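Listed after this line are the structures, all set down as C-alpha cells.
Below are two complexes that have chain A in common, paired first with chain B and then with chain C.
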Partner chain A sequence: MQNAKDTFYITLRSRLATVNPARVMTLRSVSRPGILVADAEPPMPQPILDAFSLSWTGLEADLQLPAILVQMTCEIQYSTAGTVLNAGLDRGRTLEEMDYEILKLLYPYSAQKMNYAQNPAVAMDTMVFWSEPQFGPAVTLRDRLSRSVRVTVFAFQEQGEL
Partner chain B sequence: MSTSTITPMPALPPVGRSVRAYFAPVDRVHHLPTLFDPSVNGRFSVSAPPAPWIALGWIENFVRKSASKFADLVTGSPGTAQFQVRQTVDATVAFRFKAWSKLSMALAAGSQHMNLIVPASGAAPNGSGSKGVPPVNLTAGSTATFLSLAASDAAGFSAGSLVTVDVDYAAQTGYVGSGVYAAYVTSAAAVNSDPDYVRRVTFNVARVTSVVTTGSAPGLTLAQPLLAGVPAATMRVQPISGFVDREGGSFFQEWSALFVIDGEQGERILFHYPRLQSMAGPAESATALASPLERIALDATFRALPVTDANDGEQVVCFRSFLPSPVALV
Partner chain C sequence: MADLSTQNPTGLAQRVATALLRAGGGATACLQMPPLAGDASNAGQIGLDAPGFLSLPLAPAVFRKARVAMQDGQLPKYELLISADAVAAQVTQLNLSSAQTLFSMAAGIAVAGKLFLIEAVSTSESQGQAYLYRLQLQEACGEWPI
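Coming up: the complex of A and B.
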C-alpha cells in the first residue's frame, strides 16, 4: 500500500511542477513543489498556505480477488489568504486557481506503480488508479479560504509487496 | 495409552464468506465428465485443488435453482394425492466471475471462445480476428511451461506476450482443441480450411515470462503451464493479443464444476455439477467502486445436465455435500 501512496504523491508532485512551476514552498529549508504528505512532515499548527496537503484517511480492502484490491481515501486540503500584493482580496481567485490545478494534477487518473524505497525507483507490474475528485465546500476562517478534496486511490497488492 | 475427547456443540448454522469456483474439462467425445468425489478430496486445500480441477477464484451472486417439476398421483373421490412423481429433473446455477481470464470468459460466453491471433500484414479485417501471422514450429525439449523454439523463431516473441499453442487444422471434423474441446467443426469448409483454426479456439494459451534466443536451449518460458500439458511435436505457436467471444454460435461449452463454501467453524459445503452448459450469451454487470470507477464482472448462467450415479443408477444433475464442523453434533 505504501508504494501506491508514494506513487500517487510523486505523480501529483511531478505534475504540479509542470502545471504550475511557480507553486513552490520552502519546507525544512528546501524549496520544492507546493505539495506534501501530512504524515511525512512534522506536525504543523497551521496548514501551509498555497500548498496542497495530502492526508490518508479511509482504507478498505477487497480480499476476494486474485490479488488484494486496496482502496485508500486521500484527502487533499489547501488554504489560501490571497496575495499580499492585493491585500488578500483575491483569495477567492487564488482558491479557484488551486481548484483548477487539482483537476489537472489528478488527470490522467492512473499511474504506473513505482517502488520509491529503492534508488533508483523501480517500476512495478500494476497501475495505481483513482476516482474523480469530490470537492468539499469552501470554508472561510478569518482571512483564509480552505477546501478539502476527497479522492479514492486503488491499487492491487503485488506478490511480495509490503 | 490416552485418548482425546471432545465436547460436542449442537449443530450450528454454517456461516460462510464467499463461494470459490473450480472447473474441469468434460471429455465430450466419450461423454465423460470430471467427477469430484467428496469422500476422497472433500477437504482439499482451496488454493490447491486436485487435478484436473482449475481454480477460478471467488465468485459472487451465486444462486442455485432447482427447476425439477413434480406431479401428484390423485386417486379416489374426492381425489386425494396419494403419491408424488418427478416429472422432470432440471437445475440451473448462476453467478458472476470476478476476474476475467480465458477460461472464465469462455465459460460465461458459453460458445466458441476465440484467441485474437496477431494479424498478418494486410489481412482483411474480421470481427473475431483476421488471418494471423505464420505459426512457428516447436523443437524437441518442450514442456508444459517451456516452449522450445529455434532461436530465430524465439526472437519473434517478447516477455509479457501471449501465445496460443496447438496443432494445425487439417480438415478434421468433430471436436477440436488440445486439453479441452474448444469447438466443434462440422466441415472443413465451415472454417475455411483455416490451418490456424484450432489455435484460434484452443484453451492451450499462456503468457510468456521470458525469452531465450541464445545458447543451447532457446525458447519461451511460460508463466502458467499449458492446459494440455507437454505439447506434442506437431503443435505450433502463434502470438495472440487477447480473446473474443460472440453473441451467437452453435457450440456449447460443457464443463464439470465444483463450488465450495467454507464455514467459519470448519465445516464445508460443496456443490458438484458434473456437467454444466451455459444457457445465456455473454453479459457483464458492474459494481460501483468510487464514481465513476466500476468493477466489471462476467455474468454466467448454466444448466446442469445429468449423469448416472454409480451407487444406485439414479440420473442426477448435482451433488451437494456437507462436511460438518469437527465439533458439531450431526
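Coming up: the complex of A and C.
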C-alpha cells in the first residue's frame, strides 16, 4: 500500500512540475514543486498557501480477488489568499487556477507502481489507478479560500509487498 | 498624523528583557531546524530518510505551563518567552529575513529534552524593535531522540 501512496504522490509531483513550473515552495530548505504529503512533513499550525497537501484517510480491501485490491482515499487540500500584487482580491481566480491544475495533474488516471524504498526506484508489476476527483465546496476563512478534493486510489497488493 | 518626535533606540528594553528572563529561570530552548542543505531526494519527501534536524539553541528563555488540559485527550499547552537578542543573533547567523521566518522554518522546539510544537508566535516591541518573543507551544506526542 505504501508503494501505491508513494507512486501517487511522486506522479502528481512530476506532473505538477510540467503543468505549472512556477508553483514551487520551499520546505525544509528544499525548493520543490508545491505538493506535499502531510504525514511526511512536520506538523504545521497553518496550511502552506498555494500548495497541494495530500492526506490519506479511508482504506478498504477487496479480498475476493486473486490479489488483494486496496482502495485508499486521498484528500488533496489546498488554500490560497490570492497574490500580493492584487492585494488578495484575486483569491477566487487563484483557487480556480488550482482547481484546473488538479484536473490536469490527475489525468491520466493511472501510473506504473514503483518501489521508492529502493535506490534507484524499481518498477513493480502492476499499476496504480485512481478515480475522477470529487471536489468539495470552497471554504472561506477570513482572507483564505480552501478546497478539499477526494480521490480514491486503487492498487493490487503484490506478492511480498509491504 | 505621523509621530515625528525624536526617539533614539538604546536597546534598553532588550537588555531588561534578557536580564529578567535570565533571572526568571534562564532556560535554554533548542529550535529543531532543517539542515541548511535539504534532502531533495524522493526518499526525503515520502518519509523514508531521517530529516536530520539541527538543534539551534536560544537562551535565555522562560518556560511555563499556559493552560491545564480541560478535556479528555487534550494535550497541555505551554508558553516560552525568549529574549529577542538571542533570536536576532540566530536570524543574523542563518542570513534569514526575519524572526518569523526562523520560527516558521522550525519543525518544533525542544526544552529540557522534550519536544514541543509551535502553535503561535507573538512579539513585544519597544520603539519598533522586538525585545521579547512569546511562543505558544503544544506538547508533541512522539518521543523523539533530542
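FYI, the second predicted complex is superposed on the first by the 162 of 162 C-alpha atoms of A that agree within 3 Å, B and C clash if a C-alpha of one lies under 4 Å from a C-alpha of the other, contacts with A are read in each partner's own complex, and residues count from 1 in each chain.
Simple rule for what comes next: a residue touches a chain if its C-beta (ideal position, glycine included) is under 8 Å from a C-beta of that chain, and two chains touch if they have at least 3 such contacts.
None of these values were measured; they are calculated from a predicted model.
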Worksheet item: Just from the overlay, do chain B and chain C fit on chain A, or is there a clash?
Response: fit
Discussion item. Just to be sure I read the superposition right, which of the two partners does A:V37 touch: chain B = first, chain C = second, or both, or neither?
Written reply: second
Worksheet entry | chain A-centred angle between chain C and chain B, computed on Cα centres after superposition, in steps of 10 ° | 140
Practice prompt. Report for A:L65: first if it touches chain B alone, second if chain C alone, otherwise both or neither.
Written response: first
Practice prompt. Tell me which partner A:D143 touches in the superposition: chain B (first), chain C (second), both or neither.
Written response: neither
Worksheet item: Per the overlay, which chain contacts more chain A residues, chain B or chain C?
Response: C
Worksheet item: So, A:A121: does it touch chain B (first), chain C (second), both, or neither?
Response: second
Worksheet item: Does chain B (first) or chain C (second) touch A:R28, or do both, or does neither?
Response: second
Discussion item. Minimum CA distance, chain B versus chain C, superposed model, integer angstrom?
Written reply: 26
Worksheet, complete the sentence: chain B and chain C footprints on chain A meet at residues none
Item to complete: Going by the contact rule at the top, pick out the chain A residues touching chain C in the complex.
Response: 5-6, 9-10, 13, 27-30, 32, 36-37, 39-40, 42-43, 45, 116-117, 119, 121
Discussion item. If we count contacts the way the header does, which residues on chain B are in touch with chain A in the complex?
Written reply: 17-18, 57-58, 60, 98-99, 289-293
Worksheet item: Which chain A residues qualify as touching chain B in the complex?
Response: 64-66, 71, 129, 131-132, 152, 154
Worksheet entry | Residue ranges of chain C in contact with chain A within the complex | 34-48, 51, 105, 107-108, 117-120
